[in-house]
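Several structures are given next for inspection.
Next come two complexes, and both contain chain A; in the first it sits with chain B, in the second with chain C.
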Partner chain A sequence: MINLAGRDIRHHGSRYIFTGMGLGLLIALTLSMAGIYRGLVDDGKAIIDNSGADIWVVQQGTLGPYAEPSALHDDIYRSLRALPGVADTGNVTYQTMQVRSAGKDVRVMVTGIEPNAPGTPLYLVSGRPIIRGHYEAVADVKTGFKTGDRIRLRHNEYTVVGTTRRMVSSGGDPMLFIPLRDSQEEQFVRDADAVVTDRLRLAQNPRLNPPGSPGILGAVEENQVSSHSVNAVLLRVAKGADPNAVAETVKRWKRLGAYTKEEMTDILVVKMIAVSARQIFMFLVILTLVSTAIIAFIIYTLTIGKIREIAVLKLVGASSRTIASMILQEALGLGLIGFMFGKVVATVWAPYFPKYVLLLPQDSLRGIVITMIVSALASLLGIRAALQVDPSEAIGG
Partner chain B sequence: MAQTDMPAILVEGLTKRYGSGETAVDALKGIDMAVYPGEVVGLIGPSGSGKSTLLKALGAVIEPTGGRITLGGTPIYDHGWKIKDLRALRRDRIGFVFQAPYLIPFLDATDNVALIPMLAGMADAGARQRALGLLQVLDVEHRAAAHVTELSGGEQQRVAIARALANHPPIVLADEPTATLDSQRALVVMRILNGLAKQYQTAIIVVTHDEKIIPTFKRIYHIRDGKTYEEAGEGRDIG
Partner chain C sequence: MSRLAGLKRKAWMAAPAALISAFVWAAATSGPLAPVKVVVARAESGPLEQRVFGIGTVEARYVYTIGPTQPGRIARLLADQGDAVKAGQLLGEMDPVDLDERIAAAEAAREKSGGARAVAKAQVEQAKNRYDLAAANAERYARLRDSATISAELAEAKVADADLAKAVLTGAEAALRIAGQEIEKAAADLQSLRVQKNYLRLVSRYDGVVVSRDAEPGSTVVAGQSVLKVVDPKTLWIRARVDQADAGAIAPGQEVLITLRSLGQHALKGKVSRIEMLGDSVTVERVVDIDFTGDAPLRLGELAEVTINTAPAKNALHVPAAAVKKADGKTGIWKIEGGKTVFCAVQTGITTLDGKTEITGGLRPDESFIVYSPVELRGGMSVKQVKTL
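Presenting the complex of A and B:
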């Protein structure tokens, strides 16, 4: 039996393909939205997976350091390291900053780390890790910085000694790693005018500058400009130790918050991006509905354009199944062309998105299944119109 | 014509009423006609006389209100015929030729013809073989691979006639098949129909008001106000 749908598609080749391509752009948008969602999740997981930590110790009662502010003294690590099951600790600070380099501003998450401790990027794509205590940096490649670049953070200049990949904040900002001491200073550094004004105010306060005790004023000033806080302490557990048990110990005995990798993933992926995910899901639903309506309209229009041929086919004995099958196959063909084009377009334009777009094969598989289902549903309108065609319409009068 | 033969088409007291009550319209008011195998009969009448309604009833696409249609000895609509029965009847026993060719534009000439036996279940190769044979009979075999848009109007009409004969139906209903053709081509079409009627013993009813071809019929049914009146035609020899 002749494949009527195939012949019709071939006959109207360019029109059919252009229609499919138009639909493909819509499908590309849908796939990209799914990719953006996956990217959000992956960004959230990347910061956890690439930190090399098993447990995040944070300020008690907070969901820090990514979801809520958290502040700890930077000497807490000593007592944490002494706990059974803890192999290594690392103080970390996080702050989002605008970094200026070679005339352009880049928004980064500046991360203060201790060399070779948890929190240090696990993989470098160029250069070397931070080995000095000051003014060295390792940048994620998405910052655009290269090894050897010199960048300015407030008053200090840093040399990029290495680059890493997939180290981004949950907001998608690429990370810039600097030594912990520098990051603590960057958090509290003030401009010269503010320093002079503060000194003047302190000096005029008789309680902080009592006559005969000049040392008090100096101590207060030093305390104001120095920081011994970190946002979290990352723990690596010893081989064979249970991270849940260690986290429980930290919470019970140290009066701190502690989250295992699974719990931190839950905070980042489920809690932090839940609203964004729902937003994207709504957009996906709307796009699917719009796609369905467009395919239905296209198939209906194509069917209406063939009313006379359909009437002739019915008159000469073609069954309703033959005609419905032709329209269904054309709708599926349109969906397939649209999906293939959409997949190519989504893949091509994904790297140009400012945020990470992750196109997973399983999403493509789901996408093609949904496209085929949507196409089949959309063809119902055209099939209904075709089945209502009276074969007597082929006979004039 | 062998009047002793069983008619391929026998119509007795056929009526068709559209609507009901005061707005009812009687399109056919008691049609009687008989067409025999191998015969080409003209059905002539002014617009609104009921030609198309009669053709649709004969073509098993509308159910008459009363009377009887017998095709090759089998009364249709009599025994609770279902849509699929009527579809099979149209497919296997009736060929249609329209005013315009109405070929399927996305098929080539061969497949336009071969589609009909394929719909009846014939294997693709056999159906195409038969189609090529018919195109040869109609002298368009050299255009077998051409798409509809590449065919001239006359070639399209020949392919349409080949399509009507594709399942070797005992009956062909032709609805103004020469309306869009000039005199010369119209007579060629009539010559072809007469030739095929004899060759395949097909009963052909040609609905027309084309003055050019009326003299070619040996027998004519005039239809006026829903009734038929039979008369002998000139039966002019067209070769």
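Presenting the complex of A and C:
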């Protein structure tokens, strides 16, 4: 028996493949939207996975440091380090700011870290980690900074000594790691103009600059520009210790907020990005429905376009079964070409999105199953139309 | 014609093949099926510079604060910042208020006490004369009584006169002594006021340069408040803060490269002068004082980066610092065995400022390992070596 579908496709080759590619672009769009949704959720989790911490210790009663502001004294880590079950501690500060370098403005999350403590980037893609305690930086590649670049944050110039990947804030801003002591300074020291204006204001305040006690003004000024605060202390628990138990001890006895990895993921994914993620998910559902409808229409129109040929087939005695299988095969082929083309296109354009697009194999698998089912269902409409064709139409009736 | 048709057919046969291979590529490069791309390197032996980095500010070892010893108003200032001054040079004066008048009064009091002394002296002379006369009379009358020329009563009266004159003389002599002491007191009072006036002079006690003028003529300052600050430019140094973790190898005399913020990449030379006894327990830093070996630029308060050479370079096996990772609380590096990642614990020594970590055990020379990876490495990951990421 001859393969009618194969013959038909070969006959109308270009039309068939172009239709498939058109479908493919639609499928690529849907896959990318799924990737954007997954990327959004993954951005939320990236900061948790990449900080290398098991417990986040934050200001009591806050959801910090990502969801709410949190401030702790930077010597709290000493008492935390002494708790049973704590293997390592790391002070961290987070601050989102615009960084200007070589004429371009990049929005980054400046993260203050202690070398080798939790919070430091776990892997690099070039350069070296921060070694000097001051004025060195490790940047995420999305910032566009290269190893050796010199960048300016507020008053000081930093040298980018290494780059890393996928170190982003929950909002998707790339991170820039700098030594903790520098970041504490950057957080609280304002630009030179503001400092000068502040000094003048202080000097005019007779309570802070009382006549006869010239020393007070200097002390107040010094107090205003020095900072011994951090946003969170990251804890790594010892092998075999239960993070929940350690977090409970911190909460109960140290009177601080403490979140385990699961709780932090919950805060970020469920509380922080939930609405925007649901928004995109809703759009993804609609896009899937629209794509389904369009695939169905295309296959139906394709079948209707061949109605004369089908009538001829009927006239020469082809069975309904043969005709139905021909239409089904063509529909599935179209779906397959569309999916494959779509997957390729989505993979190719994914890196050019400004924010992270995560194409999961599970999503592709779901995509191919949905595409095949939709193609099969759509072909049913075409099959129904084909089987109702009067053979006399073949001879112009 | 038929050749053209054949070509066309071949093209249409190639299209699905191209699509399928593109799809396979897309499926293989994204997702968990794709091997992780890594950059590998080999352990090398070579010189490792042993240096410690710190930042500090240019300060003067001694800052001489010049100000009044008692509250008052500044009358005039003769020096401004940048002026070189010598020891003993007058730099300004405080307003004496009524001190000059008090000195004039004290001078007058001294004159007066001198006069009083002359008066007392004259009185002593007078009393002495009187006494001499009375004593002579008493003696004469005593002889006359003995010769019974006069009554005993009259002679006794003359003795009483002589005693009285003696008492008057003693009193006059005492008054003369007191007048002498009054003169001393008046002179001391005058001297005290003159010393006080001298203290209103703001004088530098050392050779140096005025670096700040903190108050202006006409303003009132309290005792001990700074009016001018003088430093000796020869005693400029850098107070640098160095992390306690790195400070162990620092010792006085070690060479230092100094980069001032204003001088950019132009490095100055210095050497460690001392390590301060008290460390900072809050910032976990030690303070290291560094002398300039050449001429020190007078840029007080300026930020300086210091690199201290703690020891000569040593030859050692080393790896890039980026390769050293922590896993299960152990320090080590990731190796590739049969295309899969394997963690291998190593013992590390020093890490140089340019990112080389010394390996003291656990790795053979020329062994290769992973330096860069785009994800966190775990055991058993399949990897693919690339040149750069």
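The working rule: the second predicted complex is superposed on the first by the 368 of 397 C-alpha atoms of A that agree within 3 Å, B and C clash if a C-alpha of one lies under 4 Å from a C-alpha of the other, contacts with A are read in each partner's own complex, and residues count from 1 in each chain.
Please note the rule applied: contacts are C-beta pairs under 8 Å (C-beta built on N, C-alpha and C of every residue); 3 or more make two chains touch, one makes a residue touch a chain.
No experiment lies behind these values; they were computed from the predicted model shown.
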Chain A: partner with more touched residues, chain B or chain C: C
Partner chain(s) touched by A:391 [first = chain B, second = chain C, both, neither]: first
Which of chain B and chain C A:308 touches, first, second, both or neither: first
Chain B versus chain C as contact partner of A:123, first or second or both or neither: second
Chain B versus chain C as contact partner of A:322, first or second or both or neither: first
Which superposed partner A:343 touches (first chain B, second chain C, both, neither): second
Chain B versus chain C as contact partner of A:10, first or second or both or neither: both
Partner chain(s) touched by A:282 [first = chain B, second = chain C, both, neither]: neither
Touching both chain C and chain B, counted on chain A across the two superposed complexes: 10
Residues of chain A touching chain C in the complex: 10, 13-14, 17, 49-50, 74-75, 87, 116, 122-129, 131-135, 161-162, 165-166, 181, 211-214, 228, 238-239, 337, 340-341, 343-344, 346-348, 350, 359-361, 364
Chain C - residues contacting chain A, complex: 12, 15, 19-20, 22-23, 25-27, 29-33, 39, 53-55, 220-222, 225-226, 242-243, 246, 282-283, 305, 320-322, 325-326, 328-329, 351-355, 371-377, 388-389
Residues of chain B that touch chain A when the two form their complex: 47, 51-53, 55-56, 59, 61-62, 84, 87-88, 90-92, 96, 98-99, 102, 104-107, 111, 114-116, 118-120, 124, 147, 163, 175-176
Complex contact set, residues of chain A against chain B: 1-2, 4, 7-8, 10-12, 308-309, 312-319, 322, 390-392, 394-397
